Amino acid sequence: MTTAYPLPSNLSPATVANTASLLRIVALALISGAAIASRLFAVINFESIIHEFDPWFNYRATRVLASQGFYEFWNWFDPTAWYPLGRVVGGTVYPGLMATSGVIYNFLHALNLPVDIRNVCVLLAPGFSALTAWATYMFTKEMKDESAGLLAAAFIGIVPGYISRSVAGSYDNEAIAIFLLMFTFYCWIKALKQGSALFGTIAAIFYFYMVAAWGGYVFITNMIPLHALVLILMGRFSSRLYVGYSSWYAIGTLASMQVPFVGFQPVKTSEHMGALAVFGLLQIVAFGQLVRSHVSSAQFQKLLYASVVATGILGTAVFGLLTYKGWIAPWTGRFYSLWDTGYAKKYIPIIASVSEHQPTAWPSFFMDLQFLIFLFPAGVILCFRELRDEHIFVIIYAVMASYFAGVMVRLMLTLTPVVCVASAVALSTLLDTYIDPKEPDTGDDTKSESEATVVSASGTNGSSFSATPTPTPSKKIKKAAAAAAAPLPTSGIISDLVAATGGPTRRGEPIKTKGIFGMDSRLIVIMHTLAMLSFFVFHCTWVTSNAYSSPSVVLASTNQDGSQHIIDDFREAYYWLRQNTPEDAVVMSWWDYGYQIAGMADRPTLVDNNTWNNTHIATVGKAMSSTEENAYPILRKHDVDYVLVIFGGLIGYSGDDINKFLWMVRIAQGVWPDEIQEPNYFTPQGEYRIDDMASQTMKNSLMYKMSYYRFAELFGGNQAMDRVRQQQVPKVGPTLDYLDEAFTSENWIVRIYQVKKEDLLGRDLKSANAFGQGKKRKRTKPVPRRRAIV
Amino acid sequence: MRSLFALLLLPFAFAAKDPQQQLVDLSTAGNGVIKLDATTFDLLTSPKRTWSAAIQLTALDKRRRCTPCMEFDPSWNMVAKSWTSVPKEQRNTHFFATLDFDDAPTVFQKLGLSSAPIVYVYPPAEGPRQPANGKTAPSKYDFSTGFEPGPLAEHISKHTPIPVPYKDPIDWARWASMAVGGLGLLFVLRFISPILTNRWTWAVGTVVTSLIMTSGYMFTRIRNSPYSGGGGNWIAAGYQNQFGQEVQVVAFIYGLLAFSFLMLIMIVPYQSSPYRQRMQVYLWTGVIMIIYSILVSLFRVKNRGYPFKLFL
Amino acid sequence: MLSFRRIFLLIAAVTSAVSAKSSTGDSVLVVVEPSRQNDYSIFFNGLKEKGYELTFRAPKEEKPVIIQDDVPSFAHVILFASETKNFAKDITPQSLVELLSLKTNLIIALSTKQTPLSSLAAEFSIVLPPPGTPLVSYFPERSEPPSVIPIAPDSSSSILSKDIHPVWFSGVPMSLGNNPLLFPILRAPAESFAAEVDGGSADALVDSAEKGGEGLWAGSQLSVVTGFQALGGARVTWVGGVELFSDEYAKKEVSKSVESGNKKFASDIATWTFQETLVLRIDRTEHHLVNATSPKEHYTTGDEVEFAAYISKFNPKTGKWDPCACRKDIQLDFTMLDPHVRTALPPVPGAPGKYGTAFRVPDRHGVFKFVIDYKRKGWTHLHSSTTVPVVPPRHDGYPRFLSAAWPYYAGAISTSVAFLLFSALWLAGDVREMKKSKGKSE
């Protein structure tokens, strides 16, 4: 037979296989290296520091865990958070992350490697990204073959959509969650293919790990049952499915209920009911199969099906009833807002206010996934071509994840793996086709030869169709294949499509000869594929280094001469707090900064990023958005000593409190609708202004006063300019009677105010101030004590 | 029943000097809503009022081109109508009124209003229902919850002696159509079942869905951003923003690229004649190159700082 | 210079074996017109005998300053220059308030003239009549002018010593605003009123009465000697007329062979103002579980907790702090945002100065505070706040076996038993049986 380029003929298949596997191992090692290395930009550009907000809490919790051991951590009650309510940390966190790094820490110390806990935390995410690459490799191997697996591993290793959550220092649950997600799915696919209870159990164990690690476990809890359900509906029920699912669900659910934070949710809340229902359905169907295999009377089967359907309906009805009665909690707001997208903004402003809960515009998709985003539909189509059970999983995953990623930015994270897998499948199929040296001869040839070509192809690129275990097709699959093969409205391309779709599932019929003629068409395709891949690499490197590697604790700007200028106001201010305030000084700020204050300044805070108590947050919002006189009693009642605000007006840091102010107002309005009204903070024209035209309520609000206190003086008589709002600040700035400016950081990003104590003589502080500045007080009218004599 | 009641009131209507009685008549005449002008406005909001009043200040005249007014008016009337069903003694202590800009521009000037619609709720200034905190100033209804009658009734109920008995009307038409549609679906099912069981229908469905989702459809849904910016610019400025039209364009680009890859993978290898095959290879490669560079340049428009570019 | 005086005072304090001591120090600055200094010799000598170091200074003099480098130079200040319009620049209303924040006690005498001090009075929510309107009364019938009034002190006052004879007073009355820190020591007689006898204008009085409501400047709701205790603990006494301290009034007889109570009254006021009497302090507080001794750093919901405070009172005789079981009405709050527990803190019999109580921690976790906030007219304000977190039970702190949970126990046990039986039967099952069933299934 003719080949496009000469092949070494004297190689034994064994040698080929060994070389291939060696190459695979080397490749995987290199991929892991690349994955870790590309996540170290943050450490190199800045330093080994914990990033933005939540990681600071995880880090703090991990320190407790590492120093006091797991039981103390479990019972940890943090009196400095949510002052004065306190927070039962042990019962309200997903301990997986802390436990992981705690284990690593102790392990290293057992080896006499005195590693600082901080470095363990910082480098945890990159480390796990390597594992993720491996898990993705295994997963994709199940989908197609090793070569596709390698491609997928390479993609997930450097794709920005995943790097954004896992650079060194972003010590968050997602860091380990994605690995767990992929590995759980891999085990599930294995369990499904082999019908092995062992893999089912492994899947359950990793599911438990996932539950302990990330709230997003609900995604798994619904994906796997959905897959099972679709399989059943497609008539692909098999004992393998039964064994795999039952072992996963039973063990996984029991295990997940051991996590204190989850507790009895798996049997109580709607998010988990789907899994339970599918479990029940499986039992019914299995029973039906069993009976049918024993009894063979038609009407009995009719009856059986009727009963199955009836049971299904009955179950749904019961579920509905329970939910209605409130024995099963309805969907929690966070999940509900995924479906009814208008829900959050109306009823739970806190959830809507979080930036990462915003919907995703298409540029972010392209930014995070670049050319994978359009290879991925091709991959999905290829999954449809050979429709094995595991491909159905990928398909469902693709649809679900792309919807979720569209609704919430942060869920881009769950989309990324399936995009990598699908596009890897597509790309590797392309390469398989165009690297394959076999020249088809123009005449028709027989099936046997085409088989041979497939094998030889497998030899060269280390892949093999025949190696992947295709499930023994049941009648149904045959039927499906037949359906696919059934004549359709034929245009040229479609007929080709149908011909092509047969794939390996077709047996017995002669397939059209398949192959590429000549070198040039091979070369051009391979070349432009390689070009795309290298472009992808450049893109990822650029995005990672520019967009996703800044630890929002330290800001970087570039001077005119292009040199980097570090803005370190946050740490400056937090360390000021740590050094200059008493241990138990309570600091009030908007909840975004709670974790950082606790982590870096080590001071009690009123509210923090774990937004579990809406009322308490609303209280802070009310204090911030009402006048000094009304805010002061709130501050005193909560023993607030310092108030901290973020103000970007001087250097144009747009993420400051004035821009978040409306959320504070909204949240406060949700609780005190007749004291705080959002419209009062707009100008009559309905604009949000901070200059002279700002509404009176706005100007008198504590937040406005604290942000612009003495701001105009900075410009020495010139017109003061807010660089974020691009508006001119009034020349005569606001005055403060109940607070004292205590600290303002270098670039005015952080401003800290001290709350005054009550006046010595029991006056209200406003008049006390007036007296202190020597103003004349007008004669107060005395209270008449004369009673009417009756 | 109501007409009968109106008849009952008729004799009073002539003799009535008591302002409240006048208002009652007016509202009965206006079917629950008092149509205000400058004088009746002062009457209704007199500082000695023992009743509460909810007033919609609007501009329904076509020439005013106040679309929100048009949207809001029906729900206002529905809520007001529901109030007419409460017993007399409560009903006569709270009034719904509508003041059109063209009837009394002076009132708008007096209240310093420049926009419409606006709903003011006047609590009673005297009498048993006078608010405890003594605040008799009107409170403004916040339209942030939209123009639906439900929240409006909820808000007004805070100021009425008894809650406004408003219920959302059941949309029978919708239910009926849904039922019919469902039945029709079941009926059609048996004919189109070959199409439904065919994997390629599903494949197309899946791919189209994910294409639309990944090109930012949900963003436009949630932020209900316009279809295009007008003036021919269909690309929204800014990285975190987009127009409806971009969804289509981007989805199309993605689809085309994916399609040409599929061509390379699934069709080209099956060509029997080398010439046709070569042609197709070049064709699809070219398509991919060009479309991809278009996509990148489009992205550069959205994200200014993006350093890379392809052929164009 | 300053340190010199301090040392000298110290030595004086140690050596002089005189009886009374103040709890805050013995240095007194008297600001008085030199010409009138000798009119109050009885009062001053009384203070000297008690062992106070008096320093005299004319209002216009620069030295000695009352505050040097934010440190008060004297423990107490007496302002008798009641008619002076303008003082030296370091004596301003602001500086006097600052003195209070530095725990310096003041005796301030007012007069019918408008002076900086009368503007300062407003800050204490004391309202003075318009200038030139002293208090007058025509009862009882007497030879003195109506503006010189004998006033019988209220014997129930805890500040004044018992059975003081009536006190000669002439000066301005004060109307007291509703400031809880303010309380009258000597009230005006019921039949007295403010009138424009020396150069005041009638209509000014009228319209201020208009402002304040009818009959404002008359009757016993007016006060002539007023005590004020700042939140910082410093004490101020406002006296309507400086003559109250004068030798003339001290010698003057209220009725035949009954000499006036001025001397005693003046010294009582000084005694109170200079923190000799009615001075309390909390030495320490302690809290622990019932029948435990050492305090825990946090308590669990539902614990039985014991709290105790040790309070002692200053004894001017010895100059020592003696434990005092003298207060019966002290309260303890156990509060988070709002007091969850509010209970009496009675003195513990047998343990002088110890006030204790025991209560059950509420079933609510959070950061709680033991708060004692004790404010009584004339007495030192007592305030103490101890923060302690209240935590939920540990994960193993809950009851292990619940009778309500027996269904679950039963379920678990029966399932495991059933599983054992099943596997046993399966393993011991007959082989042919299985074959048959297999044959059937195919």
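As written, the chain order gives the labels A, B and C, with residue 1 at the start of each chain.
Methods note: a residue touches a chain if its C-beta (ideal position, glycine included) is under 8 Å from a C-beta of that chain, and two chains touch if they have at least 3 such contacts.
None of the values given here were measured: they were computed from a predicted structure.
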Sort the chain pairs by how many C-beta pairs are in contact and tell me the top one. A-B
Chain nearest the global centroid, as defined over all protein CA atoms shown: A
CA centroids of subunit B and subunit C: separation to the nearest Å works out as 62
From the mean C-alpha coordinate of subunit A to that of subunit C, what's the distance rounded to whole Å? 57
I'd like the Å distance between the centres of subunit A and subunit B, where a centre is the mean of that chain's Cα atoms. 31
Can you pull out the residues of subunit C that are in contact with at least two other chains? none
Spell out the residues on subunit A that touch subunit B in their complex, using ranges where they run on. 341-342, 346, 358-367, 371, 373-378, 380-382, 384-385, 387, 395, 398-399, 402-403, 405-407, 415, 426, 429-430, 433-434, 440, 442, 480, 483-484, 486, 488, 493, 496-497, 499-501, 512-518, 520-521, 524-525, 528, 532, 535, 538-539, 542, 546, 674, 677-679, 684-686
Give every residue of subunit A touching subunit C within the complex, in rising order. 71, 74-75, 77, 79, 83-86, 88, 90, 260, 293-294, 584, 604, 637-638, 758-763, 771-772, 774, 776-777, 779-786
If we count contacts the way the header does, which residues on subunit C are in touch with subunit A in the complex? 93-94, 97, 100-101, 119, 122-125, 127, 175-181, 208, 211-216, 219, 221, 228, 230-232, 298, 336-337, 365-368, 387, 389, 391-392, 394-395, 440-441
Contact footprint of subunit A on subunit B as seen in their complex: 112, 114-115, 139-140, 142, 144-145, 194, 197-200, 202-203, 206-207, 209-211, 213-219, 221-223, 239-242, 246-247, 250, 253-255, 257-259, 261-262, 264-270, 272-274, 277-278, 281-282, 285, 288-289, 292, 295, 299, 302-303, 305, 307-308, 310
